[in-house]
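Once you scroll down, you'll see the structures, which are given as C-alpha cells.
Consider the two complexes below, in which subunit A is the common component and subunit B and subunit C are the respective partners.
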Partner chain A sequence: MSIRIALAGNPNSGKTTMFNALTGSSERVGNWAGVTVDSKQSLVKKRYTNGLDVVAVDLPGAYSMSAYTSEESITSTYVRENNPDVIINIVDSTNLSRSLFFTTQLLELGVPVVVALNKVDVNEKKQTIIDIPQLSRLLNCPVVETISTVSKGLELLISTAVSLLGTKKTSPYEQASMDGEDKDAMIEADKDRFDFVNDIVRRVETKRPRIDNNLQDKIDAILTNRWVGIPIFALVMFLVFGISQAWLGPWLADLLAGWLEAGQSLVADALAGSSGQLDIWSSILVDGIIGGLIAVVGFLPLVMVMYFLIALLEDCGYMSRASVILDPIFKKVGLSGKSIIPFIIGTGCAVPGVMACRTIRDDKERKATAMLTPFMPCGAKLPVIALFAGVFFGDSPWVGTIMYFVGIAIIILGALLVKLITGVKNKKSYFIIELPEYKSPSLLGACKSMLSRGWAYIVKAGTVILVCNFVVHLMQTFDWSFQVVGEGAESTSILATIASPIAYIIAPFIGVVAWQMAAATVTGFIAKENLVGTLAVCYGVTNFINVDDMILESGASEVAAIFAITKVAGLAFLAFNLFSPPCFAAIGAMSAEIKDKRWFWAGIGMQFSIGYAVAFLIYFVGTLITGGVFGEIWMPILGWIILLGIVAVYTILILKNRVKKVG
Partner chain B sequence: MTLFDADILTKYTVDSIRTEDEGIDTFLFSLGCYEGEPIEVVSRNKNGCIVAIKDSRYSIDLDLARAISVR
Partner chain C sequence: MGEIIAILLIVGIVGGAIYYIVRAKKKGVKCIGCPDSTNCKSANCQHCTCHHEEDK
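Here is the complex of A and B:
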C-alpha cells in the first residue's frame, strides 16, 4: 500500500513547484491563482521517501474551505472524501495570517497535517523572523521550513509526514458546533477563527518595520496604468514573437533543419541504391513520412523559444498585471479580468486554457470565455504562423504579433456578440486579483517547462502528425482505383477529390481552387501542426524555415510560387486557420467545460463564421489595396454571399434579443 | 467613506462590505478583508486601485472599491 499525501495551501503558495520537485513532474507553474485547476497525482521520488511508496496529490489552491470557486471546492471535497493519509499544508511564510486561516481548518479534519513553511528565503531577505518551535506548539503540528523552488527541506518534510501516519492530534482551534443555516453565526465563527490566527501570528512573527517596497508599487503603478500599460503589453508580446519567430528561433531552426535534411538524403540515397531512383513505397517513406515530419519538427526551436519566454513571463509576476490592464476592456463586453487567465494559458495550448475557465464563477461569462479561448493563437498554431511569415513576409515578427492582437480583437468582438445575443448581464461583476511580488524568473524552471513542452511537440509530431502525413501522402499518390496518379493528373487523386468541395468554399479568400490548401485545413482540425505537414507533403517542400537557402529552386518567392497564391491570400488563409474552430482536442475541452449543447454549437458556429469573415475581409480589402485580381468572378460573389449570410444571421439573433427585452 | 474616496497610503479600518454577492464577501473575508481589519490604498487610477490587505497587494476595480466602506 502506498501512502497518499495531499498538498494543500493557498493559491500561489508554491504547491505545484513543490509537487514538481517532489515527483520530478513538470506541471504548469505560474504565480497567479488558478494555474492548477484539477488535482494531479504522481509518485514521490524515492530519494525523499527512504524507499517507501508515497503518492503526492497536487490540489488547486484554496484560500479557505468554504469554496469560492470550483477549483477551491476540489480541495475541500478531495480532503473530505478521499481521506488522504497525511496532508502537507504549504504555507506562504510571507503571508502568514492569510495562510494559517486555512491551516486551522485543515487541522480540524482529523487527518495528520504537516505545515511546510515555504518561501523562507524571501522572508530572510525581508528580515522577517518566524519562531518555528512556538508556531509548531501553537498549531499542535510539526512545521518544516522549505524552499520549494530549490528543493530545500523536502526530505525532512516527507519523513515528518510519514512519521505522522496513523497519529491523531487535537486541533488547536475547534469551531463551536452550530447551525449551518445561520449565516451571521458562521461569519462570527470565522471572525473568531481569524482572531485566533492573528494571535498566533503576533506571537511567532517578528517583522522588521516595513521598508516600503516602494519600487514594486511604482512599477505596478506604471504597468497597470491604462495609457502606458497597454503599449507595454504590446511591446512585451512583440518581443516574445520577435525573439521566437524572427531572431533567435529561426537561427536555431536553421541549424536543426540542416541536420534533418542531411538525414533525409542519407535515407533517400540508401533506398535509391544504384539506380538513383526511388520506387513508389520508398518515395512515400522519404517524401511523405520523413519529409512531412521534418517540416513539422523543423519548427521545434521556434516553439521552444516561445515556451521559454512565456514561462519567464509567467514566473516573474507580469501576467497578473496584464490582466489588470485588460480588465476594463473586457468588462465593457461582458467578460472580466478573470477571463484573461484562460486566454493567456490558451497561448500555450487551448485545452488547459479552456479548462482554466472553471475558475470563473459567473455562468455566462464562463461559457463565453470557454468558446472564445481558442481564438488565441496556441503553440500548435505557431509553426503555421511561422510558415506563412517565412514564405510570404520574410520572417517578419509583425505577422505573429498582429495575429496575436487580431486574436484579442476577435475575442472582444466575439464577447460583444455573445453579450448582444444573450442579453446584458444584470449582475455586477467584481474584479479582484492578487499582485504577487515581482521576482527574477527561474531560468531552470523555464528550461524545464520548455523541454517538457518541446518533448510533447516531438511526441505529437512522431505519432498523430506522422500518421496524418502518411495517410495524406497515400491519398494523394493513389486514385480511387488504387492506381498511382500520373504526372499532371494530380487532381484525380483520392485526396484531391475529397478535398475539392472544401476548396471551393475557401476559394473566395485564396483566389484559386486549391485542394492542397483545403486538405491542409481539414487535417488541421486533427492537430494544427498538420497544416505544415500536409502542405509540405502536398507541395513537396520540406524546409519552410529558411526558404531563401532552398536547394530546390530559388527561395521564398519560389515557395510562394509553388503555393500559387498572393501574399494577401496567404495572410487570409493563415487567418482562417487560426481563427476557425480549434483542433478536436480543444473542441472536446470546450464541450466539457461549456456543458450546454446550444452554447457549444453556437460557439463552433461562431468560430467558423468569424474565421471565414475575417479571412474574406482580409483578402478582399487587401486585394483592393494591392490592386490584384479576385480570381474567378464567382469567387468574390460566393464570398460576399457567405459574409452577408453571416451578418444577417447575427443581426437576426441580436434583434430577436432586443425584441424579447422590449416585449 | 468608501475605498473609492480614501486617501492613498493612509491606514484605514474596514467598516462594512456591501457587495450583495456572497461569494465575493466570503472571498474577501478569506483574504483578511473584513470589518475591523486594516486596509490601505497603495495607488489608484481611472479603472481601479491597488490595495494592501495583510501582507499582500491586490488590484480591485472601482465597483469593488465603492462597496468597501472604511473609516
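Here is the complex of A and C:
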C-alpha cells in the first residue's frame, strides 16, 4: 500500500515546484499566486523514499482552511475528507507570519504535519535568520529547510514525513468552538490566531532592518506606473517577439528546416527509385504527411525561444507586475482584477487559461472571462503569426506585438459588450495580488519549461496535425468519385468542394475566393497549428522558414503569386484566425467552465462576429490606405452586409437590456 | 514496390498517431499536445478532485 502525502501551503510558496522535483512531473509553475487550480498526484521518485511507494498530492494554494475560492475549497476539502497519511506544509520562509496562519490550522486536524521551510536561499541573501529548532518546538512538529527550485532538502523532508506515519501530536494552538455564522466571532478568532503566529515569528525570526523605499520599490514604482507601465510592457513584448521571431528564432529555424528537408528529400529519392517520379501514395507520404509536418515543426525553434523568454519573465516576477498594470483597465469594463491571471495563462494555452477562470468568485465575471480568454493569442497561434509575419512582413516583430495588443483591446471591447448586454454594474472590487520579490530568473527552470512546452508541440505535430495533414492531402488528391484529381482540376477535389462555400464567406476580407484558405481556417479549429500545415499541403509549400527558399527572398509579391492575396489580406486573414473561436479543446474547456448554454453560445457567436469584423475592417481600411482593389464587386458588399448585421444584432441586444432596465 | 512501402509507412505512421490520440483521450487528456493542459476534465477521472468537487 502506498503512503499519501499532501503538499499544502499558501499560494506561490513553491508547492508545484516541489511536486515536480519530487515526482519528476512537469506541471505548470509560475512566480505568482493562482497557477494551480486543481489537485494532482504522482508517485515520488524512489531515490527520495528508500524504495517505499509514496504518492505526492499537489494541492492549490490556500491562505486558510476557510474556503473563500474554489481552489481553496479543493485544498480544504481534500485535507479534511481524504485523510492523507502526512501533510507537508510548504511555508514561504520569506513571509513567515502569513504562512504560519495556515500551518496552525493544519496542525489542528490531527494529521501528522512536517513543515518544509522553503526558499531559505532568498532568506540567506536578505540576511534573515530563522531559529529552526525553536520553530519546531513552538509548532510541535518537525521543520525541514528546503529549496525546491534546486531540489535541496527533499530527501530529508520525505524521510521525516515517512517517519511520522501513524504518530499523533498535539496542536500548539486550539481554536475555541464558535458559531460558524457569526462573522464578528470569526474575525476575532482569526485575530487571536494571528497574535499567536506573530508571537512565534517574533521569537524565531531575526530580520535585517528594512530600508524603506528600497530598490525593489523603486523599480515597482516605474514598472507599475499607470502611464509608463503599459509602454514598458509593450516594449518587453516587442523584445520577446523580436528575439523569438526576427533575430534568434528564424536563424535556429533555418538550421532545423534544412535538416528536415534533407530527410524529406532522402525519403522522396528512396521511394521514387530510378524513375525519379513519385507515385500517388508516395506523394501523399512525402508531400502530405512529411511535408505538412515539416511546415509545422519548422516553427518549433521560434516557439521554444518565445516560451523560454516568457518563462524568464514569469520567474523574475515581471508578469505579476503586468497584471497590476492592466487591472485598472479591466475593472473599468466590468471584469474582475482576477481575470488577468487567466488571460496571462491563456498566452501559453487557452485550455488552462479558461480553466483558471474558476478562481473568480462572481458568476458573471467568471463566464465573461472564460469567453474572452481565447482572444489572447495562445502558443498554438504563434506559428501562424510567425508564418504571416515572415511571409508578408519580413519577420517584423511588430506583427506579433500588435496582435497581442489587438487581443487585449478585443478583450476590453468584448467585456464592454458583455457589460452593456447583460447590464452588469461595476462593483467595487479589489484585486489583491502578492507581488513576488524580483529575482534573477532560473535558466534551468526556463529551459525545463521551454523543453516541456516544446515537447508538447512535437507531440501535437506528430499526432493531431499529422493525421489532419494526411486527411487534407487525401481529400485534395481525390475527387468525389475517388479518382485522382488531374492538374488544373484541383477545384474538383473533395477538399475544394467542401471548403468552397466557406471560401465565399471569408472572401470579403481576403479579396479572393480561395478554398485553400477556407480549408486552413476549418482545420485550424482542430488545432491552430493546422493552419500552417494545411496551407503548406494545399499550396505545396512545405518550408515557410528557409531563407534560401525563393518565398522569403523575393518578398511579398512572390508570395502573393502563390497565396494569391495581398499583404493587407494576409494580415486580415491572420487576425480572423487569431480572434475567431479557438480550437475545439479550448471550446470544450469554455463549455465546462461557463456551464450555461446561453452564455456559451453567446461566447462562440461573439468570437465569430468580433473575429470577422476585425478582419474585414483591417482589409477594408488597409486596402483603402494602400490603394489596392477589393477583388470582385460583391465581396466588399457582402462584407458590409455581414458587418452591419453584426452591429445590428449587438445594438438590438443592448437596447433590449436598456428597455428591460427602464421597465 | 515503392508504392507498397509508401502505403505500409502511411498505415504505420497514421495508425500510430491515431492510436496515441485514442489512448490519450481515454486517459482523459483534454487537449493533446497542449502545454499545461493535461489536467483532468473528465467526470470519472480518478487523479483529481476538480469535477468531484462540482458534483458535491
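Annotations
Quick note on the criterion: the second predicted complex is superposed on the first by the 647 of 663 C-alpha atoms of A that agree within 3 Å, B and C clash if a C-alpha of one lies under 4 Å from a C-alpha of the other, contacts with A are read in each partner's own complex, and residues count from 1 in each chain.
The rule is simple: a contact is a pair of C-beta atoms (placed from the backbone, for glycine too) under 8 Å apart; a residue touches a chain by one contact, two chains touch by 3 or more.
This structure is a prediction, so every number in the text was calculated from the model and none was measured.
When both complexes are superposed on subunit A, subunit B and subunit C end up sitting side by side without clashing.
For the three-chain arrangement built by superposition, the Cα-centre angle with subunit A at its corner and subunit B and subunit C at its ends equals 140°, in steps of 10.
By the touch criterion defined above, A:435 lies against subunit B but remains apart from subunit C after alignment on the C-alpha atoms of chain A. Contacts of A:110 after superposition: neither subunit B nor subunit C is touched. When subunit B and subunit C are set side by side, the one touching more residues of subunit A is C. Residue contacts after overlaying the shared chain place A:187 against subunit B, while subunit C stays out of touching range.
Of the two partner chains placed around the shared chain by superposition, subunit B is the only one that A:361 touches, whereas subunit C remains out of contact.
In the superposition on chain A, no contact is made by A:645 with either subunit B or subunit C. In the superposition on chain A, no contact is made by A:263 with either subunit B or subunit C.
Our summary of the superposed model lists a minimum C-alpha distance of 20 Å between subunit B and subunit C.
Comparing the two interfaces of subunit A, the one with subunit B and the one with subunit C have no residue in common. Interface of subunit C with subunit A (complex): residues 1-3, 5-7, 9-10, 13-14, 17-18, 20-21, 24, 30-37, 39-41, 47-50, 53, 56.
Within the complex, the subunit A residues that touch subunit B are 63-64, 66, 68, 94-98, 101-102, 187, 190-191, 194, 216-217, 220-221, 224-226, 320, 324, 327-328, 331, 337, 361, 427-437. In the complex of the two chains, the subunit B residues touching subunit A come out as 19-21, 23-24, 26-32, 34-35, 42-43, 45-48, 50, 54-61, 63-64, 67.
The touching residues of subunit A, counted against subunit C in their complex, run 27-28, 37-41, 70, 73-74, 77-78, 270-273, 279-282, 284-285, 289, 307, 345, 348-349, 351-352, 355, 358, 379-380, 452-453, 456-464, 466-467, 470, 527, 583, 585-586, 588-589, 592.
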